[in-house]
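Per-chain residue numbering starts at 1, and chain names A, B, C and D are given in the order in which the chains are listed.
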Amino acid sequence: MPKESLNSAEVRDMMLAVADKIIEAEPILSEADRQLGDGDHGIGMERGMNAVKEKLTSEEPDDIGKVFMNTGMAMMSSMGGASGAIFGTVFRAGGKAIKGCEAFTAAEAATFFQAACEGVKERGGAKPGDKTMVDSLQPAAEKAAEVTDQPLPAAMAAIADAAEAGKEASKDMIATMGRAKTLGEKSVGKADAGACSVAIIVATMRDFVA
Amino acid sequence: MSVQKKLINDPLKVADELVEGLIEAYNGEVRMVGTRSVVKNSIPDGKVALLVGGGSGHEPIYHGLVGRNLADGAACGDIFAAPPPNIVFEATEAVNKGNGVLYLYGNYAGDVMNFDIGAEMAEDEDIDVRTVLIADDVCSAPPTEKDKRRGIAGLVPIVKIVGAASQKAPNLDELEKVAKKAVLETRSVGVSMSPGSIPATGKPTFEIEADKIGLGMGIHGEPGVGEIPMSTADELTPQMLDMIIEDFEKDDDVEALKEGDDIVLIVNSLGATTMMELLICLRKAKDYFNSRGINIHDVVVGPLVTCQEMTGISFSVTRVDDVLKKFWNMPCQSLCYTKMTGRYGDLS
Amino acid sequence: MSVQKKLINDPLKVADELVEGLIEAYNGEVRMVGTRSVVKNSIPDGKVALLVGGGSGHEPIYHGLVGRNLADGAACGDIFAAPPPNIVFEATEAVNKGNGVLYLYGNYAGDVMNFDIGAEMAEDEDIDVRTVLIADDVCSAPPTEKDKRRGIAGLVPIVKIVGAASQKAPNLDELEKVAKKAVLETRSVGVSMSPGSIPATGKPTFEIEADKIGLGMGIHGEPGVGEIPMSTADELTPQMLDMIIEDFEKDDDVEALKEGDDIVLIVNSLGATTMMELLICLRKAKDYFNSRGINIHDVVVGPLVTCQEMTGISFSVTRVDDVLKKFWNMPCQSLCYTKMTGRYGDLS
Amino acid sequence: MPKESLNSAEVRDMMLAVADKIIEAEPILSEADRQLGDGDHGIGMERGMNAVKEKLTSEEPDDIGKVFMNTGMAMMSSMGGASGAIFGTVFRAGGKAIKGCEAFTAAEAATFFQAACEGVKERGGAKPGDKTMVDSLQPAAEKAAEVTDQPLPAAMAAIADAAEAGKEASKDMIATMGRAKTLGEKSVGKADAGACSVAIIVATMRDFVA
């Protein structure tokens, strides 16, 4: 049954679903990183998501923003690596922006993704086109801003499509940041590992509310 | 290359277990702090502290550089992953003796972000933190973009020198100056013949044809400037050293390496490359510098900065003037590098 | 395992070239003598000399054990081959300072024969030579036939101790006594997961199934006591240490290792096995000795005695009483092992 | 044309032929050592035989015994390893025993092989049955003592057969010396590398005089 809005317990369940999907995708994510980086992205995300599950199931989910922030904190302090800081920032910055909100709707999603994207860009200095997870997160955030008046399931579907398209677009980009940058032209044709994670995260959120 | 048979336990706990072992290897000189930091037991009050760190899996660095006249502590990440901010912060608190902490680590996006967040946490506690990034890999960006370069085996002479300087450094400013100078005067080039594997997946970090080697590859198997045919020690050594010499020449921030200069030379194995090969390459490197009138003040040979069982070699050159030489010549002791006395010490 | 891509030149000249490189690594402290010997530049007149040696290809040993407070010289053979008698003789002449020369090397048929012929040549020149064989590998023969045992990584603590003792030894008799005691108190066990390859042929030195490891294998890939299933660090470590403890128990020439004893522990990589793995095993070894009340006085971890890119690990235990401990605690410097000061030295 | 006796130049040429055969057999000898030892026997013998060629072609062959002794010295000082000492001793001890002889006939061959075998046993302490080159050399020496009254070609043929049979017999032995000893039962079925070398050396001598 489609959900028009989520309460804090549902947001927690959604994040638990995200955690499981990412853990499941570990081999895919590691392989993507092996093509362009050092091959550990899936391992790191799995470690982070296990910490998320432990954190979210050990506390009462009293605030939607805090559920996301706890997700971010759990990732940041367990993962390390570029993605620990980056994905930790996604959920910490995104969650902080909607702290205190009563329900997670398309409007909150828009606030969340835009704050997340700004936070990541500030933290890591990556611009769109640098072949990082920003290339999936930024289109998602932009689309989210356009669909605030839609029901949550439709909005999340549009956002997920944008994230997926961004990830696909990252294939054509030449890496300029992080470990892949010296690949230069050779990096063309392969999707960025972090962008793959963003696409999976957003798709799982879409499926949860659908 | 097939999956390696590694002597480990739970593949997801290797970082924790190896740091536990590292504490034992130090046999009383260091202790574990917080989640996964290594800190010296006796740091004098008021000492300007030196903190290093980075991902595990490259042993004996980074945590193996904690020691006498070396770093005061290390923040240890998981395999090939920068330490999370809380670990950086815990290490910072533990090494801080009231006169500030210098962060000195390799320039990787993940490390920079996590150490920066750690520094923000430390500053909230009124701990003075300064950061100098190690970026010695000339193949990872042109001299005009040194801030984009990776840190590889040049970190060994840099940490050695800065660690010695930190013993008597009056304040963070002075130590930062020495560190910046050591970084500026240090340049490295690496090659790899075959990959290491990630303990958790058993998978090699990259693939390469049987008759090719990766020129300029990074210590996580990051691509370098290109693949070249496998060649001999005597062909490859000058080719790599030329790249270092050219880089000193092309970089406006530093003088060219010239006749009469003194250097410290590091010949590093990336893991499975044998000491035999390092020595054969060193022999050629000595010829190379001799013929240019450049004096090898000291040389260190061995597996110092590794990527599991990766095969490959890197050369690092640090030009040492009288100041850097004084710091280089001090004795030091750690898992990664130990030096009893200066080159012409009193013991025969 | 496929043929390794090695950074060498002419595969038949690797031994000569690596020893040339070794001389450079010592940067003025040693010189090449005769065909292929490495000799310290400053050996005091009247010093009782210590000569080590053996086949090349196991770097950093044997020639890497020449150094301050260590051996005075080394006779270097070709890859995995004992040095010929003329090389032994040339090294003997060069280290001899009128007070005799102690030969201290691993117990292999080839080495014994060639060193013996070298000793005969030296005796013809009125040089007093004494030989002590290193035979620490408990898997190579039972305690009743210790004279048949191979010498493996236990040679590192033995040469360290005897090198220190040789600095002040009054005569060859006294040094021989220390050497015999160090040998008696040193026991090792090794395992191997995969072979190294011979530079000249590119061929691995042995074959082993993907899920097996060779227990008790020698440092040239000599078979040990049998093949066992690949296991974990925490299972294998106590299994290997039990063999050492049992050997001390069963041998009538030596007391059992008991509570309160002090030991020096060596955790050695046979080549491509990572420092990460060594540290994980060391962590378990520490538990093992702790629970038996045996005190690890000092520990050395790293690739010290290798067989090219062979994977595997060995543990060596030397029990040190006050005399051996005094020699152990002295500083030393060499390519293979450097120790700045004693465990509680003056530098923080 | 069969040779009834050899002068010093012919002995030199015979040893040069032996050197070439051993160099040619390097892979076989290394492989045999790889089965039971450290896999370098062929390399060592090749190195030794190259030194032999250099030595023997640089000097006038004035004395038969000295040609053999020079062969031994060249091997011993270039090879190292067990086989440097052992095979060096074969030719040094054997050559010394016939120093000053006028011609190499079956009688000199007998003296040569017996002195060689005694020298090796004294040097290395191996007994017959220990699965070493002694297991080929000793039968050869024994046979040589029996055929002193035969023409050299026939005598060498008999000696070569004995060396070959000894090498074959080494397959059934359990190694007790050198690197192979810890193989124990497992060493059964494989010929000793040094015994293979002896068999090749003696066979080449046979072919030279045949």
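Heads up, the rule we're going with is that a contact is a pair of C-beta atoms (placed from the backbone, for glycine too) under 8 Å apart; a residue touches a chain by one contact, two chains touch by 3 or more.
Treat the numbers as computed from the prediction; the structure is a model and nothing was measured.
**Q** If every chain is reduced to the average of its C-alpha atoms, which one ends up farthest from chain B?
**A** D
**Q** Averaging only over C-alpha atoms, locate the centres of chain B and chain D and give their separation in whole Å.
**A** Those two chain centres are 54 Å apart.
**Q** What is the distance, in whole Å, between the centres of chain A and chain D, each centre taken as the mean of its C-alpha atoms?
**A** A distance of 75 Å separates the two centres.
**Q** Measuring centre to centre with CA averages, how many angstrom lie between chain A and chain B?
**A** Centre separation, chain A to chain B: 33 Å.
**Q** What topology does the chain touch graph have (line, ring, star, complete, other)?
**A** Chain contacts: open path, no cycle.
**Q** Can you identify all of the chain pairs that touch?
**A** Pairs flagged as touching, ordered by label: A-B, B-C, C-D.
**Q** Of all residues in chain A, which touch chain B in the complex?
**A** Per the stated touch rule, the residues are 27, 30, 34, 37-40, 42-44, 47, 76-86, 123-124, 177-184, 186.
**Q** Would you mind writing out the residues of chain B in touch with chain C in their complex?
**A** 1-2, 4-9, 14, 17-22, 24-25, 27-28, 40, 42-44, 56-57, 59-60, 64, 68-69, 193-194, 199, 210, 213, 230, 232-234, 236, 271-283, 285-286, 296, 298-299, 301-303, 306, 308-309, 311, 313, 331-333, 335, 338-341, 343, 345, 347-348
**Q** Which positions of chain C touch chain D when the two form their complex?
**A** 12, 55, 77-87, 108-110, 113-114, 117, 139-141, 148, 198, 200-201, 203, 205-206, 216, 218, 220-225
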